[in-house]
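The following pair of complexes shares a single chain, subunit A, combined with subunit B in the former and subunit C in the latter.
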Partner chain A sequence: MSTTEKDLREHFNQKYSSFRKTLNGSQSPKIDELREHAINALNQNGFPLTRDEEYKYTPITRALLKSFKFTEEHPDEITMVPPFGEHLISGLNGYILVFWNGKLVFNSGDTPKNLSISPLQDLSKEQQERLSQYLGKLVNYQLDAYAALNTALLNQGSVITLKEGTNLDQPVVIYHLTDASQGPVYTQTRHLILAEKNAKATVIEIYKNLSEDHQGFQNVASEIYLEDAAQLDLFKIQTDTAGALLVDNTNIEQKDNSQVRCHTITTTGDIIRNNLNISVKGQNCESHMNGLYLVNGTSLIDNHTLVDHRMPNSYSNELYKGIVDDTATGVFNGKIYVQPDAQKTNAFQSNKNILLSDKATMNTKPQLEIWANDVKCSHGATTGQLDAEQVFYLRSRGLDEKQATGLLLYAFATEFLEQVSLPVLNEYLERIIADRLYQLKS
Partner chain B sequence: MLKVENLKASVEGKSILNGIDLTVNAGEVHAIMGPNGSGKSTLASILAGRESYEVTDGSITFLNQDLLELAPEERAREGLFLAFQYPVEIPGVTTTNFLKTAVNQIREHRGQEALDAVTFLKLIKEKMKLVKIDDSLLSRSLNDGFSGGEKKRNEIFQMAVLEPKLAILDETDSGLDIDALKVVANGVNSLRNKDNAVVVVTHYQRLLDYIVPDFVHVLYNGKIVKSGDKDLALKLEAKGYDWIRENAELAT
Partner chain C sequence: MSKDDQILEEFTSSEYKYGFETTIDTDSAPKGLNEDIIRFISAKKNEPEWMLEWRLNAFRKWKTMKEPKWPNVSYPEIDYQDIIYYSAPKQKASPSSLDEVDPELRETFKKLGISLEEQKRLTGVAVDAVMDSVSVATTFKDKLAELGIIFCSFSEAVQNHPELVKKYMGSVVPINDNFFAALNSAVFSDGSFCYIPKGVRCPMELSTYFRINAANTGQFERTLIIAEEGSYVSYLEGCTAPMRDENQLHAAIVEIYAEKDAEVKYSTVQNWYPGNKDGVGGIYNFVTKRGLCNGSGSKISWTQVETGSAITWKYPSCILKGDNSVGEFYSVAVTNNMQQADTGTKMIHIGKNTKSRIVSKGVSAGKSQNSYRGLVQIMPRAVNARNFSQCDSLLMGDKCGAHTFPYIETGNKSAQIEHEATTSKIGEDQIFYCNQRGIDTEDAVALIVNGYCKEVLNQLPMEFAVEAQKLLALTLEGSVG
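This part shows the complex of A and B:
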């Protein structure tokens, strides 16, 4: 008998009950209550199927049902720290956290006093109590079942605090490694980032799926608070994610004069869903969303973004670009809300896609909802082939068709890198893009 | 070098070229004139290998090869160059960027060694001087936000770098100020020798004061209806195309 959505819920309810037992009163009642709310939301709403508008093109629940024979689920106790060195990006120095199947296995520690990184699972009751004003306040577990699941099982992860005025000398680098070589695994982590006034930092999240033979399901959620004039560059690097099932929920709240630049790059994965939600609760904020996906085979990459302008005089700019080949699918849904109070908002959105095969699919949907009258908003979406005129021009100069299309695709894709200022990362990603395009064209 | 015989071509079922005959020998300069829409750019595009035109009759030989059998890049490697009337914009690709690949493809085809970065840069510098083009233009996205004149000058710069055997300049003079016109003409003239040839498509006698043609052809309704020497261009400048039209209509 095949597994149903109900079985899936039951499975996770059991997991939830046994998890609750292990907590054994160590938890602040507020956090306990949050978990309880979240599991209730999950039970009420169920896992999203493709009949749900928000997951219309993204059968990730079905994939989960298919690949997980729950009795075989690999026990997630890690008794020995596996060697993970080879999975780190060489030359990318920083304050490093490594999660292996959802467990923190490495914390480089040694942080300067303006930065604190605490494992979420190690917080004292008092700390939990204090952080309960942040935890679960941005992640919308009513709207997204995977966010609900992540909240119900909230345990491993990190709390990263950037003290007032910090200008971090190195990035915080978080590795999410999933190893399903022993059988399918469900892994999750949860992060809370608090950037106090005038703090400035770069956070890089790297997602990797280490074995393609079984499926690893990664469920990552983060809540990020930017206080006045804080600045954050946030990277999501999903380039070693072949075979992965992955849902990422990232929720950001911005106060006055804060700036956030999000860069999401995805080049592989079975089904990857990124929810990026930015709530602009201050004036004179900047929110940048920079995305690139390069997909082939049968991969499905789904980026859902939302920027919710709640206050006047802020600026948001979004550019997502994609190249889709073979029978792969790309999904882009970009919501812009401009609330009645958010006068003088400037909000721009653009989604550009190139399809390299006639079986490749791109579903793109800009969704602008504007309740204020004095705003500047624009959006545009294009999906098509490479420009034949451009190809002809280059060929007329002596480049063969492959060189011409290669050059054009490279130019198209590397616009993403213009906003990547960290040199090691820029070089790393450039190499990945070049390699990837080489695979796509052949 | 180039022999076009009875060339007929159409686009989307509409016939545009109606039997063109044109022979260009090494060392010669030909000017093609003719009213708007007469088919000049169509002819140039077909020579360069644009696929949206359908050749319905006739033949083209270039350096003893059937040109129509060659892909656009093969034509370029054989030494054919088209300076486009409306050069396309390519965001993210700079001139230097693709020109290095272009140069080395052409060199490889000629059995020459690829240029290393330093030698290529030297070549670029030298040609930049020749056509007085600015460094900054070459490091910007191709034609992206270029002024009309800058686009044309960039085309001539590419020609200078690629050193073609047959250069076709499609209204390269349009939109150029008088100084730029001289620079472009100068660039063309300094590349001329007994082994290569130039076809200039133009509406104005002005350019032909600087690039003196051996032959002037008038294209009208997809046919060359009159050929002559450089005096024909002067006559066209003075009298316009009406007398050509009348003659052409009489002939049909």
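This part shows the complex of A and C:
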């Protein structure tokens, strides 16, 4: 008998109640209350099916129902720390956190005074009490069922605080490793990043699926607060996630003069869904969203972004590019809201896609909702193939068909790298893009 | 009263000049909707058995459907049992010449500037006038018949050309297509029917003029246009209603069927009563319009100027089934005061080398909400499909909203899809430039808006283009400053 959406909820409700028992009242009542609200919201709204507008093109719930064998789910205790060294990106130094199936297994520690990284599960009741004004305030458990699930089971994760005026010398690097070699796993992690006034940092999140023997489902949620004039570069690297089911909810709040640059790159995965929500609550803010997806096989990559301009004089810019091959599917939904108070907003959005095969699909929905009149907003979306004239130009200069298309695709994709300033990362991603394009073409 | 106030007063009173009501005897069904009402309508129209069955079938489907909640509009729940589904001006059965039409009726259409009288032959537009869901007069019938063109009311078509109606009705918009289409299929009272035979180029513009007159009634008309191989027709549609404090429902269906190399151009100037400036009254305009390019090389072009209605919910669409077929959609949607519009198009590319073009211009003023919602879908089989979409919004005032919801689904690598959208306001420098040359602000806005909409207005037949330009200026009156 096939599992239904109700079974899925049942399963996670059981998980929730046994998880509650293990906590045994050791937690702040405020956080407990948040979990309770979240599980209620999940039970009320249910997991999204494709008739749900937000998940119209992304049958992730169906994929869970179909292939996820919860009865065989691997117990999540880790008795010994697995050797994870080989999965780290060589040369990428920083303050490193490694989560293995949702458990923190490595924390490089040794942080300077102005940076604190603490495991979420190790916080004292008092600390939890203090953070309750941030936790669960941005991740909306009413709107997204997976965010609700993450909030209900909130336990493992990190709290990263950048003190006033910090300028970090090294990036914070967070690895999310999923190992489903022993059986199907559901893993989740939760992050809270607080950047105080004038703090400046780079945070790199890396998602990896280590084994395709069983299904691994990863559910990550982050809440990021940028105080006045704080600056953050946020990377999401999803290049080693073959066979993964992944939902990532990232919610950012910006205060006056703050700047955020988000870079999301996805090249593999079964079904991957990224929700990037930015709420601009200050003036003169800058928000950049930079995305690239290169997909083939039967992968489905879905990027949903939302910029909510609530205050005047801010600027947002979004560029998502994609190359889709085989029977893969790309989904893009970019929303820009300009609220009545957000006069003089400049908001731009662009989504460009190239389809390489007749069975590839691209569904895009660039959406503008504007309630203020003195604004400049535009969006554009294109889907097509390489320009025959450009290919011809290169061929007339002696390149063969493959080289010519390869060069053009490379040029199309590497626009993403123009905004990646960290040299180690730039080199690493360039290699990945090149390899990936080589696979796509052959 | 200061001079400014006086001017303002004038504007508000000149808001809607078609808001008069004609006192005319009507023949109505009781309020409510059930199978008996449908039998009543069918009997009134002396319909054959198959037509009644078709209606009842639609009604049964409708009962199982839910009213769509996804449009970006809000309105109080509609009580479908509180509407009169059939109302007809009383007159002698099927007038054979215009002289037999009730003079009061003729007067009404005269006030609206619709040329029912033959002496207006010079304007060269054949009109089918529909009042409260019933066709009251169709002009130029005989002349068109010489060419083999059938242009008559829908009920006449059911009587005289049942084979055509049976074959095509519901072939583009099936009865269970959506909630309002099902409702219309069950209770539609009349509408226009147009058939252009093979190879005929219709020599004049065909036009339907819709008028809601009676209170508490819903208007449910149905238009069916069939263009046979190689034919051409240009079709116009206009509409007005009296000013009333209540909301009236208008749920129409337009179906266009184009065979090989046929071309149909359908233009609408929609000017239903939009309600007063506090949002009281006005028409709920829930319309399903769809064209099927069945044959290769066929072309369907929709042009609409939407200035009226309290709520507009309308997506004129093209199904590009034939190879090399072309679909076009040109739209200007203007909302002022408390109006809400959720309008756009669907372009479904099925055949090879199909092309579509979407130009949508939204203007919102006052406290209105204006949404563009569109779908461009390229099927895997639609090799070399091409689409260009442009949807621009113009915001006047800081209490209105403009929204775009474009869905673009591409299932084929050879497709070329472009979509662009901008939102902006009228620049102060533009207004200043006009002021400086002696054009007052109000006229300057009208001028700029007309320029902004020009791309769409240029698509309209000349008679309509003039009317549309005036309408635009009228709708936006008082919205500046």
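Keep this in mind: the second predicted complex is superposed on the first by the 442 of 442 C-alpha atoms of A that agree within 3 Å, B and C clash if a C-alpha of one lies under 4 Å from a C-alpha of the other, contacts with A are read in each partner's own complex, and residues count from 1 in each chain.
We adopt the following convention: a residue touches a chain if its C-beta (ideal position, glycine included) is under 8 Å from a C-beta of that chain, and two chains touch if they have at least 3 such contacts.
The structure displayed is predicted, hence computed values, not measured ones.
Contacts of A:355 after superposition: subunit C is touched, whereas subunit B is not reached. When the shared chain is aligned, subunit C comes close enough to touch A:377, but subunit B does not. In the superposition on chain A, no contact is made by A:438 with either subunit B or subunit C. Once the two complexes are overlaid on the shared chain, A:401 sits against subunit B while remaining clear of subunit C. Set against each other, subunit B and subunit C differ in how many residues of subunit A they touch, and the higher count belongs to C.
Subunit A uses no single residue to touch subunit B in one structure and subunit C in the other. Interface residues of subunit A, counted against subunit C in their complex, comprise 53, 340, 343, 353, 355-385.
Contact residues on subunit B toward subunit A in their complex (touch as defined above): 48-52, 71-73, 75-77, 81-82, 84, 87-88, 90-93, 97-99, 101-103, 105-106, 109, 141, 158, 162.
The touching residues of subunit A, when paired with subunit B in their complex, are 387-390, 392-401, 403-404, 407-408, 410-412, 414-415. Only residues 70, 380, 393, 395-425 of subunit C touch subunit A when the two sit together in their complex.
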